[in-house]
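Next up, some structures in structure tokens.
Below, subunit A partners subunit B and then partners subunit C, in two separate complexes.
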Partner chain A sequence: MTSPASASESAPHSDARNLPRTAVIVGGNRIPFGKAGGKYASASNQDMLTAAIDGLVARFGLAGRSVGAVAAGAVLKHSRDFSLTRESVLGSALSPSTPAYDLQLACGTGLEAAVQIAGKIALGQIDNGIAGGVDSASDAPIAVSEGLRKALLKANHAKTTPAKLRALASIRPVDLAPQSPRNTEPRTGLSMGEHQAITTKKWDISREAQDELAAASHHNLAAAWDNGFFDDLVTPFLGLARDQGLRPDTSVEKLAKLSPVFGKGEGATMTAGNSTPLSDGASVVFLAEQEWAQANNYPALAKVVDSEMAAVDYVSGDEGLLMAPAYAVPRMLARQGLTLADFDYYEIHEAFAGTVLSTLAAWESEDFARDRLGLDAPVGSIDRSKLNVNGSSLAVGHPFAATGGRIVASLAKQLHAAGPGTRGLISVCAAGGQGVVAILEAV
Partner chain B sequence: MTSDRNVELLTELPPIGPAIAKAAVSSRGRGGAKAGLPDRTVMVSDVSFDINDLADYAHLIGLTLTNDVPGTYLHVQTFALQVHLMAARDFPFAMAGMVHVANQMTVLRPVGVAEKVTLSSSATNMAPHRSGLTVDLVGEARVGDELVWRGTSTYLVKGASMPHEGAAETGSPEAEAASGADVALQQWAQWRTTTDLGRRYATVAGDVNPIHMSGLAAKAFGFPTAIAHGMWTHAKVMAALQGRIPATHTVSVNFRKPILLGSTVAFHAGMTDDRVALSVTNRSGDRVHLTGEVVPLAGSIS
Partner chain C sequence: MADLYTTITKNPFGKAVTSQLGLPQPSRLRRGRLMPTGPVVLGAIKGASVAADALEVLGQAHEQALVDAPGSRTEDENGRAQPPAYPGKVGALIVDASSATEIADLEQVRALVRPALKALEPSARLIIVGADVAADQGVEHSAITQALEGITRSLGKEMRKGGTANLVRIQRGVTGAALASTLSFLLEGRSAYVSGQPIVVGASESVCEVVNRPLEGQIVVVTGAARGIGAGIAETLARDGASIVAVDIPAAGDALAKVTNNLGGTALQLDITGPEAGQRIAEHVASRFGQQAKIYGIVHNAGITRDKLLANTDEQRWGSVLDVNLAAQLRINDVLLTPGLPGGLTDGGRIVGVASTSGIAGNRGQTNYAASKAGVIGVVHSLSGELNDREITVNAVAPGFIETEMTGKIPAATREFARRFNSVQQGGLPVDVAEAIGYFLDPASQAVSGQVLRVCGQSQIGA
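Let's look at the complex of A and B:
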């Protein structure tokens, strides 16, 4: 289970891999997250990503300047957006000579983008960079059916008019129905919620516990907005100044009234209230080499200490679709010589309340430690008052690829306020049975 | 607004199609230059922007939708007032004979998409031209009392003559705004126009002038096919420059030969510290559709 790099027990800290340089988070920017079909209903991914970049540019005086690289992506992507990030950069106030590329790791896109940029900085390939992500559930691509697509391609390739007509004549009425993107796993046909419902049941996570987590997310997010925490993390867009899905006055009692939407029968516990809503939004993070940041008078909020990816076999039912972070975190902790208790803040992405609680339950389980991780003792438990202290996806919304950038920037700011040396853990699950996790430490 | 002008206050932006139809049926018997321009400013206040409409406009052009209303979209809004003014009986020329030959707009500060603006339009500055005379339709956008945008659309009235013989022919606007000639231009892009572009642009900008809508109608006015809206070309140029020019600027363009829909055109630009020179031509560069320049109000071209 452990990677070769973690075999060493001699190096307990961030220099475990003897990286030549330290990548720090300078700051971040996002637009408020909107509800699908809401304020950003007409905005494209490129519009939103450009807005997030331009807000960051304004905040850090980057107009007309270039950075080492911009890495970002989207999960729901139009074919015309094959070079979404570069196109967004070209339309932004950044210098046109700024390199940019797209990446895609489902809901882990934004965090993995930050990890890649941090890696390039640490290796001395670039001095600074921007990482981010964007998604629109409103402006989702609609594809043509396979029958229509193949007929059109055949007609396009045909050399003669009769051949073209023959190809077009093969189109059947049923082929004309548009294909909306579906939130289902290609290999199982189950939606993400249906997958999580299996896991939630397996770990015996109660409805009450899920609703409590959801209520806390809304209350924490509302408090963070009220305290001005997001003042230097968010730029309003198209008339939206706060996250559209936030319900400050929600409560466990109100959430308890909702009917389950995922899972079947009496044991069904997952509702629209304790599952993330479809959302629109974009986020970016500005990272730099620590000394470069200092020399250029930029703040250094927190350094990127380490990251780990994991994947699980959810197809055979061996493990739950969204449980990969439960494996990634213990491996990363071992490599760093840390325990789960060695953190001041935890950011566990709330794909569903059940995901967070199943992950925490796995880490507390002796069986899971022994059978799945090959460890003698459970990974441990966390102080829940340190979890998602400024709200998370249940309240903020979850524009898939934008979530990582939101978490990285918010956690870096939170850690910086708590003082040098404070540590934060990020855990993000992703479709395809994958997960990305990372450690940040305040500078 | 100068206080000595009458103000015609409208409750909302008037629809353009009916005004164009009204102008067409009342084109005869207009007073001509002697009758003078109407001493009226048409105004509508508390205009808000529909983000969905703005997004449709931006995406058709290729502009990124941002928190700021594109300058060319403010033209689109005031165009409704222009048409209202020109269609009215007291306007001395028939609208069908007026050709949009030049446009200048200044963004004094960007207008936010959530802001409400007061828009106005007035006709002024009748000036002799080698092919007739020109009239300026001046549009303004204000937020509260603050002037935030000003646009001047220059129309050529072919064959019309000035009321006073011997009035000195002021330099034609075409000549004025073509001063970027000493900047080397590079081709930046080629744009393929589709035959339905006029109809598609009309759905987002409201300008349903028949010469843009159908080949048949365009033929009646002497064009071989439908032609592109000049303000589409203008907006397309601004989209190409988005992110590269300061938010506050003056952009001046001259519309030369019309773009026949279905053709492919080339966009050229040349940037110096203090301005961007522009042109849109056919692919071989020997037929010029648009020339112009952007000058920042403050700062420099990045």
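Let's look at the complex of A and C:
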């Protein structure tokens, strides 16, 4: 867990505001996120990451050019993909002289990749770069979990489509926990959903609140697609032009009919509807130094102001598995001299509706502030109409490492539309009790 | 697009022809920026010199054309009088008839063309230059003007082995420099699939040199660029140096990205029927190329068909075709023509539409499509005059049967008929449409505006 003391340990970072150069988000691209076993069933991580890069290259006229670095990763990796990003670059329209490397931070991979590229830019090591992530639940290394392996094999052997789907429907994100041959967190034996169920219960998050959040995610995403928000953020792939898991006509009533799948007994509230579906997809973000972008006629949507990581002791049960962002955000706010209310948009990754709501509840809690953060007052509450306004993972899907890039590009576009100086907060939880958060500000 | 075939299959004569075997093997057409192999020969009537001037501007050598006069004929072994013969194959014959004013002058056209016809190499060119005579310049002079068109169209049909015949009508005051880009286009392989067509060249003071990469550094927007003819246009214009902004609907984004990345342009996923389409194009250009940047040319290629007999056409089928093929480009033009708009169309720029032979001839089951494509022709006629002051030229191509994925899906017999029922006995390629568009876009074509050029191999349909 993160003790109150560790909050002050972050003080040495306090010069983060005075970085030598400013990294801005130029734009992004992703492929529509597919359902596991859906349109991308036979696409590899490399296929998807390459497609995402190529769409970005076309949007920004980068064909045959190189960028300072490409950083990306995947959570579920085949051993053959030891150099996934570089291989994807070589297969893309970028110049072969573009350096690339892999990184991995569970569901925080995509955001951390963007933060790293922004850091390299800010330090003057590179002028521009691409950050991204990709994951395939369909093309996952079978060795990852027994549950998945069995389900996939069953689906594979099934003769009819319904039988295949039945087999695949039995898979849960938890079946794909990284580096784990079992469908559990290696140190607790609990699945991610089971972990979240404990947290959800602890924060007394109601089923209705979770279903409302899930319905809003679908409705917001549907509206964003309808009004063309994704026209310059997404490039179709393999016949899929919109996110496959999107259910525009879902409702709280419909979601209420689903049976809980995580947690036990009376108090179980987490269903397939308010938990992220297993997904396939890839996303990339193009970042550049602000003046370089201007000189080379690239748009500057928003700058990367700051980022923070945190980790909690979920093993002993001291804190919930997905609660690290609740610690990272207050530390980052303090460093920046900002409060939780100082944002125009909030992007809190919807691993589960319960994760988002537990995090918000923690920030509103005096006890949490005092006992966990060592603060006199609660972190604060947010205007819910500013939360995940163009939909989030519950509706879009969550190909683990691809989620960060999706959020960064979408939020940067939203902020740019809202005008210079507007601010956005990103919060992404990750397996292993970790979290990555960041602040973007429109330029 | 199913422009011609419906008509053809319904036509009993067409059925007979399509079922016939043993049609002549079509020649492989000379394409690209390639001049004829054999010499260019020139014959001028009544001392006309503009064609010779244009060839000089192009740095293209020429030889004197032979003339078929009774005194110059020789008898062959059967005692038949033969016109004078060229010593070798001729690449192109240019007849400068721009000074012809009387019916008697037409005899000289005959006399110049006859000897050459026997000597033409494959993919040879026959180009007649005539005057573009206003109705008030006399009845006989007008008759001559029209007669030259009849001659050209007939010769197009007499040509063999991929040869073409075209007419250039020059307005008063046209210099060799103003004529050069048109002559260059017609001589080169770029005009492979253009035959039997008249092109009017006007007088213009600001004419640049004809060069190999005329669009170097110019921003050109191509709509519907993800596939088919649009992809061909983008590739060809990029070859000519243009920075391509490739536009297509978001759902075609992956194909669009491939096309774009192959030619090093930028992709803009956009439905051109959206109310903000013009604005989005301008914003894209301003943001990718700088606030000072301007579009040099826009090619309105995106188009759809929703074929049905009018008896079965509802407002949806009717409206969508008119919106995509016609209304959208009017709205986009309006926005891009706003003076001072960052990323708008520059003065001295180019607008090119894509019409269709269906828009000229009409087609059963394509009333909506023909309306839209004929509308594109109307736009050219009106807007070209309106934008004269800003030196923006407005032209259109009208493709016939072009080999694309779409026409590839037409039933074999119908397709075979459609692709053969023209003077070069084959379907055109997207690049043929693209080359004609490139000719309009060429800065050296400043004197060419208000034209609708058929790229149809002189298809028998829609004549």
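A few notes on this one:
In this text, the second predicted complex is superposed on the first by the 386 of 443 C-alpha atoms of A that agree within 3 Å, B and C clash if a C-alpha of one lies under 4 Å from a C-alpha of the other, contacts with A are read in each partner's own complex, and residues count from 1 in each chain.
Note that a contact is a pair of C-beta atoms (placed from the backbone, for glycine too) under 8 Å apart; a residue touches a chain by one contact, two chains touch by 3 or more.
None of the values given here were measured: they were computed from a predicted structure.
Of the two partner chains placed around the shared chain by superposition, neither subunit B nor subunit C is touched by A:374. When the shared chain is aligned, subunit C comes close enough to touch A:61, but subunit B does not.
Contacts of A:41 after superposition on the shared chain: subunit B is touched, whereas subunit C is not. Contacts of A:230 after superposition: subunit C is touched, whereas subunit B is not reached. Residue contacts after overlaying the shared chain place A:93 against subunit B and subunit C alike. By the touch criterion defined above, A:267 reaches neither subunit B nor subunit C. Of the two partner chains placed by superposition, only subunit C is touched by A:297; subunit B is not. In the three-chain superposition model, subunit A touches both subunit B and subunit C at residues 51, 54, 63-64, 93, 236-237.
Listed in rising order, the residues of subunit A touching subunit C in the complex are 51, 54-55, 57-61, 63-64, 93, 228, 230-232, 234-237, 241, 297-299. Contact residues of subunit C toward subunit A in the complex are 246, 250-254, 256-258, 260-271, 274, 287-290, 293. Across the complex, subunit A meets subunit B through its residues 39, 41-44, 46-47, 50-51, 54, 63-64, 88, 90-96, 236-239.
Interface residues of subunit B facing subunit A in the complex, by the touch rule stated above, are 51-52, 54-56, 58-59, 64-67, 113-114, 242-244, 302.
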